[in-house]
Amino acid sequence: MHRRIEDLAGLVARVLTTRRATIALAEPLEQEDWVAQSMPDASPVKWHLAHTTWFFERFVLGALGFEPVDPRNDYLFNSYYESVGKRVERAKRGLLTRPTAREVLAYRRTIDERLAALEGSPRLAEVGAALELGLHHEEQHQELLLTDVKHLLSENPLAPAYRRGHSPAPRPAPQLAWRDFAGGVAEIGHRGSAFSFDNERPRHKVYLAPFRIATRLVTAGEYRAFVASGGYRKPELWLSEGWAWIQAGAHAAPLYWRDGMHFTLDGERAIDDAEPVTHVTYYEADAFARWAGARLPTEAEWEHAAADATPGGFVEDGHLHPRVAAEGFTQMLGDAWEWTASAYAPYPGFAPLEGAFGEYNGKFMVSQMVLRGGSCATPRGHARTTYRNFFPPSAAWQFSGIRLAKDGA
Amino acid sequence: MHRRIEDLAGLVARVLTTRRATIALAEPLEQEDWVAQSMPDASPVKWHLAHTTWFFERFVLGALGFEPVDPRNDYLFNSYYESVGKRVERAKRGLLTRPTAREVLAYRRTIDERLAALEGSPRLAEVGAALELGLHHEEQHQELLLTDVKHLLSENPLAPAYRRGHSPAPRPAPQLAWRDFAGGVAEIGHRGSAFSFDNERPRHKVYLAPFRIATRLVTAGEYRAFVASGGYRKPELWLSEGWAWIQAGAHAAPLYWRDGMHFTLDGERAIDDAEPVTHVTYYEADAFARWAGARLPTEAEWEHAAADATPGGFVEDGHLHPRVAAEGFTQMLGDAWEWTASAYAPYPGFAPLEGAFGEYNGKFMVSQMVLRGGSCATPRGHARTTYRNFFPPSAAWQFSGIRLAKDGA
Amino acid sequence: MHRRIEDLAGLVARVLTTRRATIALAEPLEQEDWVAQSMPDASPVKWHLAHTTWFFERFVLGALGFEPVDPRNDYLFNSYYESVGKRVERAKRGLLTRPTAREVLAYRRTIDERLAALEGSPRLAEVGAALELGLHHEEQHQELLLTDVKHLLSENPLAPAYRRGHSPAPRPAPQLAWRDFAGGVAEIGHRGSAFSFDNERPRHKVYLAPFRIATRLVTAGEYRAFVASGGYRKPELWLSEGWAWIQAGAHAAPLYWRDGMHFTLDGERAIDDAEPVTHVTYYEADAFARWAGARLPTEAEWEHAAADATPGGFVEDGHLHPRVAAEGFTQMLGDAWEWTASAYAPYPGFAPLEGAFGEYNGKFMVSQMVLRGGSCATPRGHARTTYRNFFPPSAAWQFSGIRLAKDGA
Amino acid sequence: MHRRIEDLAGLVARVLTTRRATIALAEPLEQEDWVAQSMPDASPVKWHLAHTTWFFERFVLGALGFEPVDPRNDYLFNSYYESVGKRVERAKRGLLTRPTAREVLAYRRTIDERLAALEGSPRLAEVGAALELGLHHEEQHQELLLTDVKHLLSENPLAPAYRRGHSPAPRPAPQLAWRDFAGGVAEIGHRGSAFSFDNERPRHKVYLAPFRIATRLVTAGEYRAFVASGGYRKPELWLSEGWAWIQAGAHAAPLYWRDGMHFTLDGERAIDDAEPVTHVTYYEADAFARWAGARLPTEAEWEHAAADATPGGFVEDGHLHPRVAAEGFTQMLGDAWEWTASAYAPYPGFAPLEGAFGEYNGKFMVSQMVLRGGSCATPRGHARTTYRNFFPPSAAWQFSGIRLAKDGA
């Protein structure tokens, strides 16, 4: 990657601050929780801590000629970079009881010290772009660490909490309203020199038909009405693949709803009807929208509309689920990832980064749907309106929610 | 479905002609070939013959109050209409040794007689749209009958031919050239009152960046060069899901190439380098394009470009593979289904048909890619430039080929 | 195989008679029924007709230097002889639409003519043993043809009958009684020069504790009582593997009982309480016995007891289920295969036949249970008291039933 | 269970000593190693520690009316007792990050204190048999803990050692010789009032043909010769199911041999040709025997012969693989579990224990083979010549080896 970023000042310090925040996220857990892997899609906490460290070692320090701390780390902690070489099978990350947590933390410290020593180095500019990518990569894994841990704890019959938080006083959600957009030729995609992933570029024109978009996310209460109306038993509401998913898994509610309770990072609690519904698959989001006489927005509609929204979201520490919506056109950033009707595909003129970084986003552009907006588990400052998250339609372990749209006049 | 079609004259006759053509396609086969099912995606010939008949019985004659020939046919020959009810599991259609071929042919005759009797009926207009849909449905199954049989015969160690054809004299393919389009706001989608499927509507505006599109399909010779260059062993050329598909299946060539030979409906023969390559998955089409320094066109680009192309394709009886390209901008219709870079999704303003017909297309709009153009197995007159075919990215048993595109100036 | 059999007189004629009987079994079926394969364990009728023919061609005519009719038949119709070479995957026999039925029948005729010409040949003695094995092999496939067809027809929602028979007048089963045996050193296994399979030899001593054995098979009525008592919902009655089999398949009755009806080769009919229960797995036989306060006999107990039994069984043409028991110690031969408590293992001193015939029985001696007695589908004369049939404990598509035993005084 | 055991003196003390030994086995490991589960058949160390504790709590203390420490432990730590109720799915034991190791150790201490307090209690006799069973159960899990950890560590690309031991000086294995037995009526099975599992009883007569049995186990060097001779590529040497196992898994050597090295609890080291081969499946043991012109002994032969053998085996701490054989008829106890040719089945007159303990052994009596002799990982004093271990034929993660036998004169 040869992009030279303009502003190196403070970059190393921001990297180190971000990396300390990762450790802080792991601390409320028991040591045992760091090891286990609850499904192939999720990784152990310890692996997240090691992999993000390896990312800096391999792509920043490696580019500067540092000897690796242990050459076997390429095999242990490479996620999916074919250009780097072979690696531990994804589904077997939970078997890596060694290196131990203590060793992984020592590895982090060593790499952090080497990164700290780059401050003021004449060679910093050479790796500025990789450092910056590493920072955003670290932030992505902060969110994954939380959602992967949530999945792990949810599998435990004891339903342990990640961390007990202080819940805000309950309040009702505002009435759902619609925001109208006239459409026409619009522009989406990232512009300017600030950081973005390659998949957000280039900024380009799209043509939008008139559309309406809901002013807030669908609430748990609204979703409960869908469930209560027999939504999961009516094939006419579902995509064919979604209906097959229901049959195969006997699904009848979102992932973490069970017996009328909601498993959260705070432990099990009653479902709060005013909160946004989260942890739904694309199939569920799509079926709910059809039931509601609406549809999901495309990612272009979403991004176009986002310019008008009140900056929102991003719950504070200690409250690890999305907040009840405020009045106005809101919840577009930092509440729940919003399934869009758009499959994940390259933008016109898309060019992946060179080298291994070209594998970061581009090679996943099939069989996945785009989600927008960032969730309550997304680090503040990480999300932006051009950000394109993507998951297969059956994924539900992220804080994925629903915003409705309709064709306009 | 309440659309009243304008021109009923000759519709019944066209239906009956089309249905005779279906039988003609089954005739070169042995009786045994009518029964077997080689994979869940493919259906037995006998099932195609019965299902298309049931479609007319259920949706045309049923709407007019006819008693069913046998009420159990709803269970036996319903494909995927949830609103009609339960049905034989897709993967078990090959176990339906009864009703026998003789009985299925008798069923066809009975229904054809009832359809023939509609000519001149005052109630014809009520079912005109259903009759017309049934006609196009029958044509779709004609193509599937051929591709399903091809798959079945390919599984036989004896490699039997469907029908020995007369091959044209070999000739080279013209040089690949590029056709430039300036882009801007364009319109795609079906317009006018002639028949189309619901997924082709409504006609709507899109914004296209400048692009170039290849004047002909990729040839088998070009694809052989990709294979010979080690294309199937280089992960950097593949989508991540495609690379996993290679590993899981040890794939190293298109579906019907084996040991340097090409299994065709004509039996095994040498690979003709000048012919379009066919029976590739989306993964292979995408990887080839990347190797060639190009990409696949979006469906909007394809449809926009198609207006300029020479009407082509549709090989005559007795030659059941795509012909070598002529000079010019060609092979856009009737040669091979062309994988596009577009996931199958609703057009802005899409409204599925009412009732069971609403299940025809709309419920498949996830996890599939759009193919355009029609193949050598598509009935002449069935394909059109707005036609949207769709298959999962791993499907290869259709005559699916590759047309390259590039970003324009 | 070098065993010279003593009595060649009439052997060729018996082979040909037996082979005509195979064809007669296929005749009540429709042509379509000859093609399909309903599960990997079952083979198509057409394949049975071809494989048994190939067996004679390969092992009898081949040993005499005949050119093969078509060398590809080794690949198409070899069942499991590794020493002969590669073959069509077992689960794909239903895809062999070619050779056609007509061609397979022609193949049979050609081989039958060559076999007929052996009569009086000076070289007949060389292949006498192979001819005799082929005859018994043909008889085994006669039974498999019936049970495989039964399974295929049972998968058809139309529940077609193989052949309508004339049912005897219903009558009650006699009271179940017990026959006592004192045990001690006994001999089992085949003796003498008459034909037996290698797995029945050598005759050898066993030590038997005193035991009792039931005078007849368990009836459908007795089994219904087990079902009605909640037998399939009580884990304490089941082997652990059997309980897992119930959970995985939601089993609640024998294979062909559904909605209170019994699917038979005669079509669906009411369950006859007096008939022996058939089509049970080993798990079910074992659980029933536990529920009844009994156990299954070992194969040594069974064979020892069989000497005392009235020769019985073997229903006549046109009645294709086991008959109601007569009074006395009966139903030991020709009614239902009786699951024994013995795993299939070599007898002390067992020596498999030489060459390919060594694969006939010996290589299956793990993970299977022995069944004794022959069923109503076994050709008369094929079963004998030393005969060892074997199937995995989950198999139920044979006419497998239950005889109870108990420890003696 | 109502059996009153005769000698209660010292029983509680022996239980507590045994339980301390379990902890000692877990101590060389890192905390992380306690959590992970490498396959459904293996359990995490922490789970072993908790399950064995639960066994005493549930069946000893529970019978005396103690309140459970936490009623949820029945769900968490029940292994397979259907009569106790539902439980965590076997394959998900590695997801039980809670209770933590610290909590599980506290649970052990609590239960150990309650058990200690039984000393001198007037009610001790009531639970004597359960206590004794618990002790032997604890010993079984000591061995499983080691073999499960070995499997886990073997999955780690770093190939970590469980514990570095002091290897004895290498020495050659003695020549393999044969021991002859005349056969006839013999007795096997446990006799007397000392502890045995229910499956070892009752002692009963068997008839043995004359046989010979090898004086020591097959060595790694002998097995290497089998491998080098192409043993894994010759179907004629294998049971059909074993050959399928080779194809499905591309097996070419015993479980822990890779690239000429042997993964042991001591880490990777060169294969010691003189050591017994271990970690073979039944398929491999059977194929090796056939290659060697021999066979496996039946369990009756083995037990009959064992009376003549020198008491051997049971390596000392710090040497965790079987020792090289001494001269004489040896290695019958405490070296490697020896696959027998006998399927696991009830002895004549077998009666399972009453209540939940009846599930301990009896319900597994299908689809498994008996192994005899105990291994280097078996606690000294746990094995005995009547002991019947059992595993499916594909299991290799125990220290399973091979002793040859032959028919006698």
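The first chain written gets the first letter, and so on, giving A, B, C and D; residue counts start at 1 in each chain.
Basically, a residue touches a chain if its C-beta (ideal position, glycine included) is under 8 Å from a C-beta of that chain, and two chains touch if they have at least 3 such contacts.
Remember, predicted model here, so these are calculated numbers, not experimental data.
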Per Cα centroids, the chain farthest from chain C: A
Chain A and chain B, separation of their C-alpha mean positions in angstrom: 37
Separation of chain B from chain C, taking each centre as the mean of its C-alpha atoms, in whole Å: 46
Chain centre separation in whole Å, for chain C relative to chain A (CA means): 59
Two or more partner chains touched - positions in chain D: none
Chain contact topology (line, ring, star, complete or other): ring
Touching pairs - complete list by chain label: A-B, A-D, B-C, C-D
Chain D-facing residues of chain A, complex: 30-36, 38, 46, 72, 75-76, 88, 92, 94-101, 152-153, 155-158, 160
Residues on chain A engaged by chain B in the complex (per definition of touch): 80, 82-83, 185, 204-209, 211, 235-236, 238-243, 282-283, 286, 295, 341-343, 345-346, 348-349, 358-359, 363-367, 369, 393, 407
